[in-house]
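Okay, got some structures for you below.
Note that chain A is present in both complexes that follow, paired respectively with chain B and with chain C.
Moving on to the complex of A and B:
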C-alpha cells in the first residue's frame, strides 16, 4: 500500500516554521501526525536528523521545499512532549527513537502472540522476533522496552542467561 | 410564470378619490382655511387607506394562489428561485425578511434558506482550522452539494449568497469579499478592512502574494504592505513561505486549489481546535 500524503505536504508554507503561534500549533500537529505515520509505514524506529532532512517526508523535492534541521528537531521534541512518541538519544538532538507504537502496545502484541502458542514460554530474545511479519525489523531497544513494560505489568520476566537475555511469560 | 407576474403587478398603485366640497375654501379667512385643509387632509388620508386595504386584500389573495401553485417549484428549482426573488425585489418585498409569517409559511422559502444557512455554517466550521475562516464560494458550493447527497434539492451559488446575506443580518460574523470574479466567504469575525480585501484579491490568482507584488500592483509603501500581511498571518488566514526563490511568499489556504477535492481526514478532525 503506497503512502498517502496529506494536503499540507503540497502546501509550500508547510515547510516553514510558522511565526504565528496558533498557526504553528496547527502546523506542528499536522507534522507530528505525518512523521508518525511515515515512520509507521516504513517501520522506522530510529532517526538521524541530518539524514531525515533528505528523506521524502521532510524534503519535498518536487516542490523544492524542506524542513530545516531545527524544525525537524521541534517536531520530534513535540512528539516527545505530546505522549512520548519519541525520545532523544543524545543531548544535541541529532538522533532519536520513534515510537509510533508504544512499548506497552508492543508488549501486549507480543504477549498475545505468545499466548496463542506461537512460541514456547521460555525463549531467547532473538527468537522472539522471528516469524510474525509484525515484528520484522523490530529493533532490540524497542523489544527490550516492550518486554520491560510487560514485566512491570507482571506478565513477563526478563532473565539474564549465560549467553544473553531470555524471557519468561506468564 | 409571465401571466402570474402580470396579475401581481396589475395590483398597481392605489387610486385616490377626491370628495368635492361645496365650500369655497379660497374665500375663507386664513385660520379657518388652515383648519379646513387639515380636516380635508384627514378625510383624504382615510380614503386612501380604505382604497389601499382593498388593493392589499386583492394582492394578498393573488399571492396566496401563486404560492400554492408554485410552492413545489420554489423548493426544487434553483432557476425558479432566482426569478422569484427578482420578482419580489421589483415589488419591494424581501421574502427572507422574517423567519415567521406569510412568506415562510405559505411558500416555505424561509425554511429552505434557514436550513441552507445551517449547512453553510457546518461546512465553514469544519474547515476553519485549515483556512482560518475564509473559503471560496466555489469550494463552499462543492462541499454543500456533497453534503446534501445525490437525491437532495439542487442548490445554486445564488442560493448560497442569499443564505449568507441572511446569516450576515443575524450577526453570525459572515461576510462576502469579491475576488477574481467570484467571492471569498468569511465566516469568522476577523477585522478585514479595504486594505486587507484588496490584498486578498491580489492573492487570488496564484493563491499567494509577495511584498513586491503588492508594491508594484497597488503602489503602496513597503510598510503598508507588511502591515496587511502581518495582520493576515495573525488572523490565521495566511501562512508564511520563506523558502521561495526570490522573496517570502504569503499563501492563503482558502485559495489553495488542491484543497477542494480533499476531505477532512480523521486525523485532521482530531487536531481541530474548538
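Moving on to the complex of A and C:
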C-alpha cells in the first residue's frame, strides 16, 4: 500500500514554520499526524533528524521544499509534548524515538497475542519478537517498554535470567 | 487724561508709526480709566490709543506733551505699566474724553506685555523729537508752538525725505519682527522665575507646587511648542500650530494618497509636503505632531509610520489583499506592490498584517518570501 500524502504536503507554505501563532498550531498538527503516519507506515522507530531531513516526508523534492532542521525538531518536540509520541535520545535533539504506537498499546497487543496461545507463557524476549509480522522490526527498547507497561498493569513480569531477560505472562 | 483729544487715528504725512501694542489699559493718574482695552500706537508725533471693541473710539496726544516717563514693574496680579508725566494742557487743545483731570500723569497698563519694547521706542522718539523736524500736516497744537502746512516731497529735499521715510519704515518692520522676540524674552523670564521657585520649593521640601503654578508652567511649555510631558497622549500635543498644520496637510494629501493606493509612508509625506511648500519647510517633528492629530494615523507591524486615507479601514485592506493573493495563487511583496501601485515597503507591511490576522501564510525559501492564502 503506497503512502498517501495529505494536501498540505503540496502546499509550499507547509514547509515554512509559520510566524502566526494560530496558523502555526494548525500547521504543526498536520505535521505531527503526517510524521506519525509516515513512521507507522514504514515501521520507523528511531529517527536521526539530519537524516530525516532528506527523507521524502520532510523533503518534497518535486516542490524543492524541505523542512528545516529546527522545524523538524519542533515537530517532534510537539509530538513529545502532546502525548509522548516521541522522545529525545540526546540533549541536542539530534535523535529521537518515535512511538506511533505507545508502549501500553504494544503491551496490550502482545498480551492478546499471548492469550491466544501462540506461545507458552514463558518465553525469551527474542522469541517473543520473531514471527509475527506485526512485531517485525520492533526494536528492543520499544519491546522492553511495552513489557514494562504490562508489568505495571500486572499482566506480565520481566525475569532476569542468566542469558538475558525473560517474560512471564499472566 | 485730559491731555488726550479725539482723533480719527489716521497717520498724517510725515508721521510714521513706530510701534503698536495691544492690551493697553489707560489710567488717569492712579485711577483706572473706562478705556480699559485697546491698542496703543506710538508714532513719531503722537501717542494714540484706539479702543479694541469700538474702533471709532480713538484718542491721541502729541508727544510734546510728555515731560518724562518711567516704568513700573509688574506685580502679583498687576501688569507692568509705563507712567507718563505730562505738561499742562495747552489752551487750544481739542476736545477729548476727559474735560478735566486732577492728575498730570497717565499710566499705560500692558495687560499683554510689550512694555519693554514700547518703553524703548518711546525713549527713542522722545530723544529724537522727530515731530519737531517733520511737522505733520494737520494743525496739532503743541506746547512749543504750532507749525501748519503740508510739506511736500519735492526736489532733493523730497528725495532725502523719502529715503528717511523708507528708513523709518524698515526700522519699524524690524522692530515689529523683534516684537515677538521680546515677548518671548518676557515669557522666558517669567518661566525662569517660575522654574526657579519650583526648584527652590523642591529643595526646601516646602510641600507641593501650587496647582496654579503647575498650570502656568504647563501653559508656558505648551505655548512654546513643547507638548506637555506629563500627560502626553499618543493623539496630539494639541498646540494650535499643529492643528492648523494638520488641516492643511489633510487637504493637501487627499489626492496623492488616493493615487498611491490609500497609504503613504511618513517619509514620502515629508518629501511631498516640503517639495510642495518650497519655502517654510516643515521639520520632521512638526510633521509627526501634525499627523498625530489625524485620526487616521496607522502604525503597522514594524513601526513604520504611515498616513492613511480614512476610507481605508484595516479589514478592507486585508480582505482586498487576500483577494489579490488568492487570484494569483500566491504573491511576493514585490508583485503585490506592482499590482497595487504601492511602494514595496508598504505592500510588505500590508501582507504581513494580513498574515498576522491569519488570512495569509508565508512560504520562506531561497526564492524569497511568498504569501499564500491561509489554507491551514
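Keep this in mind: the second predicted complex is superposed on the first by the 170 of 170 C-alpha atoms of A that agree within 3 Å, B and C clash if a C-alpha of one lies under 4 Å from a C-alpha of the other, contacts with A are read in each partner's own complex, and residues count from 1 in each chain.
Assume contacts are C-beta pairs under 8 Å (C-beta built on N, C-alpha and C of every residue); 3 or more make two chains touch, one makes a residue touch a chain.
Here the structure is a predicted model, which means the values were calculated and not measured.
Visitor: Taking chain A as the common reference, can chain B and chain C both be placed on it without clashing, or not? Answer clash or fit.
Guide: Verdict on chain A: clash between chain B and chain C.
Visitor: Where does A:10 make contact in the superposed view: on chain B (first), on chain C (second), on both, or on neither?
Guide: A:10 contacts chain B only, not chain C.
Visitor: Using the superposition described at the top, determine whether chain B or chain C touches more residues of chain A.
Guide: After superposing on chain A, more of chain A is contacted by B.
Visitor: Which of the two partners, first being chain B and second being chain C, lies in contact with A:19: first, second, both, or neither?
Guide: A:19 sits against chain B and chain C alike.
Visitor: Tell me which partner A:83 touches in the superposition: chain B (first), chain C (second), both or neither.
Guide: Neither partner.
Visitor: Touching A:33, do we find chain B (first), chain C (second), both, or neither?
Guide: Touch partner of A:33: chain B, not chain C.
Visitor: Considering only the touch criterion stated at the top, classify A:65 as touching first (chain B), second (chain C), both, or neither.
Guide: The answer is both, since A:65 touches chain B and chain C.
Visitor: Using the touch definition from the top, say if A:164 reaches chain B (first), chain C (second), both or neither.
Guide: neither
Visitor: With both structures aligned on chain A, tell me which stretch of chain B collides with chain C: 21-29, 39-47, 111-119 or 201-209.
Guide: Comparing the options 21-29, 39-47, 111-119 or 201-209, the clashing one for chain B against chain C is 201-209.
Visitor: In the superposed arrangement, what residues of chain A touch both chain B and chain C?
Guide: Looking at chain A, the two contact sets intersect at 7, 11-13, 15-16, 18-20, 22-23, 26-27, 30, 64-65.
Visitor: List the residues on chain C that touch chain A in their complex, please.
Guide: That would be residues 330, 355-356, 358, 361-365, 370, 372, 374-376 of chain C.
Visitor: Flag every residue of chain B that touches chain A in the complex, lowest number first.
Guide: Those residues of chain B that touch chain A are 129-130, 208, 233-234, 236, 239-244, 249, 251, 253, 256, 258-259, 262, 265, 267-268, 271, 273.
Visitor: Of all residues in chain A, which touch chain C in the complex?
Guide: Those residues of chain A that touch chain C are 7-8, 11-13, 15-16, 18-20, 22-23, 26-27, 30, 64-65.
Visitor: Per the contact definition, I'd like the list of chain A residues that touch chain B in the complex.
Guide: The touching residues are 6-7, 10-16, 18-20, 22-23, 25-27, 29-30, 33, 37, 64-66.
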